[in-house]
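Paired with subunit B in one complex and with subunit C in the other, subunit A is shared by the two complexes that follow.
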Partner chain A sequence: MQTPKSNKRVLLVLCMISIICTLTGCWDNRDINHRVLPLAIGISKQANEYKVILKIQVHDNETTKLKIVTQTGETISKAVDTISTNMESSVDLLHVKVIVIDKETAEDGVKDIISGFMRSREVSPKALIAICDEDIEYFFTNIKKTMTSDGTSLVENFDKGAGWDPQIALTRIWEVYRSVHSYTHDVAIPIIISGKSTSIEHIGSAIIKNGKMVERIDNDETLLFNAFKGESTHGQIEVMTNASVLIIGNSMNIKSKMNGKQPLMEGKVNLKVVILETRGDPSRKFIKKELNAHLSKRFSHMFEKTQKSEADILALGQYFRTHIPRSELKSWRTEYYPNLKMNIQFQIDIQNEGYLKTL
Partner chain B sequence: MDSFIQEIRGLFGKNEDFFLLQDYVSDAPVVLLGFKTLLDLTKTKSVLYKNIESMLSAGKSSEEILFNIGEVKEKDIKMATSTLLEGKLIILIENSKKYIVFEPVPKSLNRSVQSPENENVLQGALNSFTEDIDTNIGIMRKQLITTDLFVQSFTTGKNQKRKISLLYLESQADKDLVRKIVNRIETNLDMDINNMQGLTTLMGFSSWEAISKFHTTELPFQAVHLLNKERVVLFVDQLPFAFILPNFFWDLFAMENDRNFPKPIMIAIRAVRVIGILITLISPGLYVALVAVNPEVLQIELALSIARSREGVPYPALVEIILMLLILELILEASVRLPKSIGPTITMVGGIILGQAAVEAKLVSNLLIIILAATTIANSTVVSFQNSVSIRVFKYVVVLLSAIFGILGLVAGLVLVCAYFASLNTFGFSYLYVNLKKDEMNG
Partner chain C sequence: MDKSLNVMVIYILSHLGLIFFMYPGNIIDSTEQGHWLPILIGVIVHFVFITIYMKGLELFPKKDVISIYSSIGKGTAVFFLIPVLLYFIMIILITVRAYAEIITIVFLSNTPLWAIILLILFISTYIAANGIEPIFRTGFLLAILFLPLIVMIFFTSFQNVDWHYFVPFDTDFKFMSSPSYYESFFAFSGGFLFLGFIQPYFSYKRKKVLIAAAILIPIFLFSVYIPILTFGQATAATTFLPYVVVVDTININWLMFDRVTMFFLLSLISFIMLYLALVIWKTVRIINHYIPSIHSSYCMILLSLAIFITCHFISDWKEVEKLFLWNTLLRFYVLFAIPLSIYYFGRRAKRKENNANT
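Moving on, here comes the complex of A and B:
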């Protein structure tokens, strides 16, 4: 028995179902095989135009081939759109994992590019940024030759589950965006070039201040930078004149103080190491001393560099946010940071000496 | 007297298997009435004569013999016909207003108690319910040796009589529930019950529910266990399973037979069933959502390999999956219809050959075949076939929503299914009710 009321309900449900069909726009969904999923995107600013290079996988009967597509445009999205128009499938930047920017563009400033990515949300804010220290087109054609067929090796270089090493800085789009807008936080971006036997080579990191590359640090300094960030230094080899060790754990303790207008900082880095190789018969104590001196020297060298370029990549300013009034914080980079006195100590704990007990 | 015989003859006389025999009990003339197909006439007669002889030798008169031989009833045409149809022998005494109902030797028309056909049991009691309601109740009585067990029977139907029995444990069952059920049956006694849908209408449930209000089982072991858990059992004559009221969500995962394994194993088995349901519901929807709407969620390596496997597939993911699901449903349905000897052939042709050929012809992607296989296998982990059919239906809701809204749709679909479960209610018991009495916890 159908009462008029339940009839009405059935009608309502039918209406709602037909509305679902018409309002969702689900016909615009493209299946995965009709999308081009570039993994890496290269950007270079030339005169007033952006040159965009996409690294694309093309499936061709069981095998996958790499294809490098280049396009210029007044904006990045315009260039991508042009590529999409010209290709048989639509370009989908959702899977872009690495954005490679050439050095000149980085020195010129990446603020607009980063803001664009953050705004459009087409590229995940988690995508990594790298700087390329050679001509970007040359870089891409070169890595195409040395790369495996599925073309993920560029990405895997930065993947913590795969080929990442603590000498490589990991910086994501959102972190760069944050650094552009933060008073006290800068970032380091890895610098890469195409390699001869391996597909890419890491040659250090760029110090980015307000979205502009101002200075560079080498791989060993990047390691310290990572240790400071708490990015596990696990599995890292530290070479000295007398021994090499493997860092298996690190923790850090920092105290900040203001002396008038002079910021003071005490830092203690605890490193747990394992001895890998020795030359001669150095004692435990000697290795500790050596390592300590070595690290302190390396750290102060890097620290001076960042102070000179007024770029706070270690985010030390974060520790002074409670000491400096907000109105003053603006000038952290220019006035406070270069005056910062840092006293850092490395506490080294040799956890074991390997299988040989002859130290 | 004669008019009574005339009347019965008018009702049944055209039937070849109806008999009307003149006979004598000691010296009193009687007429025997009955159906040859329902009772074994020769055996019944010899039993009858033996009875009479033994009473004669005890020196009883023919009148006394007649009144002791069976149940004596007043002549009533309605009662008499239904007695005859139940397979009893009627002895009419000439020139008297009474007749005698004699318990005959019945023809054996029921199969014996066998192992269950629809539910497999591993390491457990192997008998199952049969068509005969009395056998079923007998099995229950055998398993539940207690004065607590109550059996209430009703004969329903206007034109076609059918016996329904209600079993419950006086100390366990919810009084209110029993009262409501008895009420329902008594108010609808003239309904013809031939199947579960009939029983559903009799109970006053909506016939449009995707999940049955009854938990059906073939296993006496299971039925007894549920009786102990405050439920009630209904038997319908000639239906070889127990209808258990109310049906709960947890019945999808729990079987009493699980308790014949060590407890950790039991928990693992049940966990597998829970995972099975989730895979059934999620995996087809997830495929559509990931392939068509939200490929960004995938790992890049997986995205590339899926894209490669879908290269050249002409249909969108939704059409592809609906097509294959449909074929799968056809295979399932066909293998039910087919004789047991041909069933495996169909499974092989359908499952392996068709699937492989579809992939090679680039009609569907490799991954889809894996998804479908996983779905079908996972679907069968659910307890009771009836439940697995319901879950099969919900899967389509999730697939459709996923095709429209992607991952969001998938989640919305699951919420929808959960909301539907929550909306179900049997005589005041929610479908999601979990009985956590102490003995349940102790296993």
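Moving on, here comes the complex of A and C:
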């Protein structure tokens, strides 16, 4: 005969065993070999439909092949779902690292696309965004030809630990989402096309205002944009008529004040450079002067462009948060920003001249 | 026996679980500018009332809230204990339902709700059924395992902040008229009552608990300010769980895990399970006081079963929010009336004692 105590123990063990089934947390799970995890996704809006292009890796007899899959649908998730239905494995957007949007869609506005990604949380808000300045299907088929078999080169182009350069704007989904809602914060998104020898080519950046592409800047201006944002600009070669230098450090100091309704700004950018090449025998003073003039001109050119399109990609409005009340800050882009007067100065230090002395 | 450290740990853990989810969203919804003021007022209220509560409890050494009230009179006990009981049942219900929904939103999107609710309830009931000492010991274990992780993620969440969003400081009292501000007191009023229930089992020093509450101040402040500094008020107000979205944006190159959110959430959910265990234990203590015939473990199982079934009548998030709002009245009753009454009765008892002596 069993004692009540051992009865209780049997019950407990049975209970424990039944818990094991639930504690694994597996529910409708799919094994990894039945999942497709695309790294890049292309989106284009055509009439009322979204065209979604996925770059998928297919394993076949120990070799990896790249496959481009295209599908249209009324929503992006519908299109992805259709691909998933038609394929032998299910598509999971969990690891998407780069989202490529074509130029027409970007000009039309990406607010809904971005909000959708933020809402569903299927795609990480850290994923990068790029704009493609050619037909998106052509772009994907072209990069497939030049790409390495593991198919990561599109991602590595934007990876700070790999192929990223300071001329490339780095903008993530959550930053674009912020630009849609923020009063003072706009973003720049890199523009790419497929290349001939390299898989992609960077041809500048798009200025995005409230989720719409309004203007574009070139690579050199993107470098200034990155310097302003405080991204490291190391390794950048600045070519002038008489010399080329390497920027090894940048810091910035900005003062803001209001003159009635006109915002005023004084900026001072400190650059540390190393001389790489010279043509003829320019003096240090001459190089400094020329670099200063060159950068000032380039900066004011970019700045005027952003003012004209009323897109505050440098987030200068942030400096006026204490000067302008919140109710008025709402109209920062339209009323204040175009009138902003910016006086920027470049302070250049030549840290060393390498193995050779300059006169 | 002095167990101040254990009490501190439980105090911090249960509050951490409550702060990082709903609290930032509630504060961000309640005002547009100068969020430090609503946070500060909440923290001051919190401090004042836990001090009063603990001072009152000190006047009744080795007695818990239930025996204090019943020693005064049956009517008093009913008047104070029944709302507390109701409040506890409500917070178990709301917490289980809300966190199950949060888990589905954030990561287990395919899992049915009942499975998640069952899991949460089962584990917390199991911990609670073992009694108060295992709850405290589990708390210690969870703190060792998960607190370093939470602290690390808390600091890395500063990665994308733009300090310009900190200014301007000027603010107004408009948030006082916003219901979501009163909902935010969920984070202040939910966790402190246990200090009055553990007396005969654990003793602690008042100062130590206040230190634990002080450690939480920066957490309260930055759980709201980190989303604002990262997104700005206008954008942060559009998100449902602002702090969790910020954790999602953290990008650590050298870490092999892509989404640190998972670690963050699972640690916090384990804290919430512990918190629920504590609340279930307290609830059953009150029920047992009135119906001593049922064994406490069976009572807990019945309670969780009832909660599990009731959870199914709450069909969507809007209803969870409604419950949150309805619970506000009870919440403030518990936050104000319990500490004040304990303190009042304590003083009265002291006076009587003094009169009797002279």
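One rule holds in what follows: the second predicted complex is superposed on the first by the 333 of 359 C-alpha atoms of A that agree within 3 Å, B and C clash if a C-alpha of one lies under 4 Å from a C-alpha of the other, contacts with A are read in each partner's own complex, and residues count from 1 in each chain.
Keep this in mind: a residue touches a chain if its C-beta (ideal position, glycine included) is under 8 Å from a C-beta of that chain, and two chains touch if they have at least 3 such contacts.
Just so we're clear, the structure is a prediction, and the values are computed from it rather than from any experiment.
When the two complexes are superposed, the chain touching more residues of subunit A, out of subunit B and subunit C, is C.
In the superposition on chain A, A:F225 contacts neither subunit B nor subunit C.
Contacts of A:G161 after superposition: subunit C is touched, whereas subunit B is not reached.
Contact with subunit B, but none with subunit C, is seen for A:L39 once the two complexes are overlaid on the shared chain. By the document's definition of touching, both partners, subunit B and subunit C, reach A:S124. When the two structures are aligned on the shared chain, A:D92 is found in touch with subunit B, with no touch to subunit C. In the superposition on chain A, A:F299 makes contact with neither subunit B nor subunit C.
When the shared chain is aligned, no partner comes close enough to touch A:F346: not subunit B, not subunit C. When the two structures are aligned on the shared chain, A:Y337 is found in touch with neither subunit B nor subunit C. Residue contacts after overlaying the shared chain place A:Y183 against subunit C, while subunit B stays out of touching range. Touched by subunit B in one complex and by subunit C in the other are residues 95, 124 of subunit A.
The residues of subunit A lying in touch with subunit C in their complex are 19, 22-23, 25, 27-28, 95, 118, 121, 124-126, 160-161, 172, 174, 177-178, 180-185, 315, 318-319, 321-322, 326.
For subunit B in complex with subunit A, the residues that touch the partner chain are 290-293, 295-296, 300-301, 303-304, 306-308, 310-313, 316-317, 403-406.
Those residues of subunit C that touch subunit A in the complex are listed here as 32-33, 105-106, 108, 110-112, 115, 118-119, 122, 162, 164-165, 167-168, 231-232, 234-235, 238-239, 245, 248-251, 253, 258-259.
Residues 20, 24, 26, 29-33, 35, 37, 39, 57, 59, 61-62, 64, 92, 94-95, 97, 124, 150, 152, 155 of subunit A touch subunit B in their complex.
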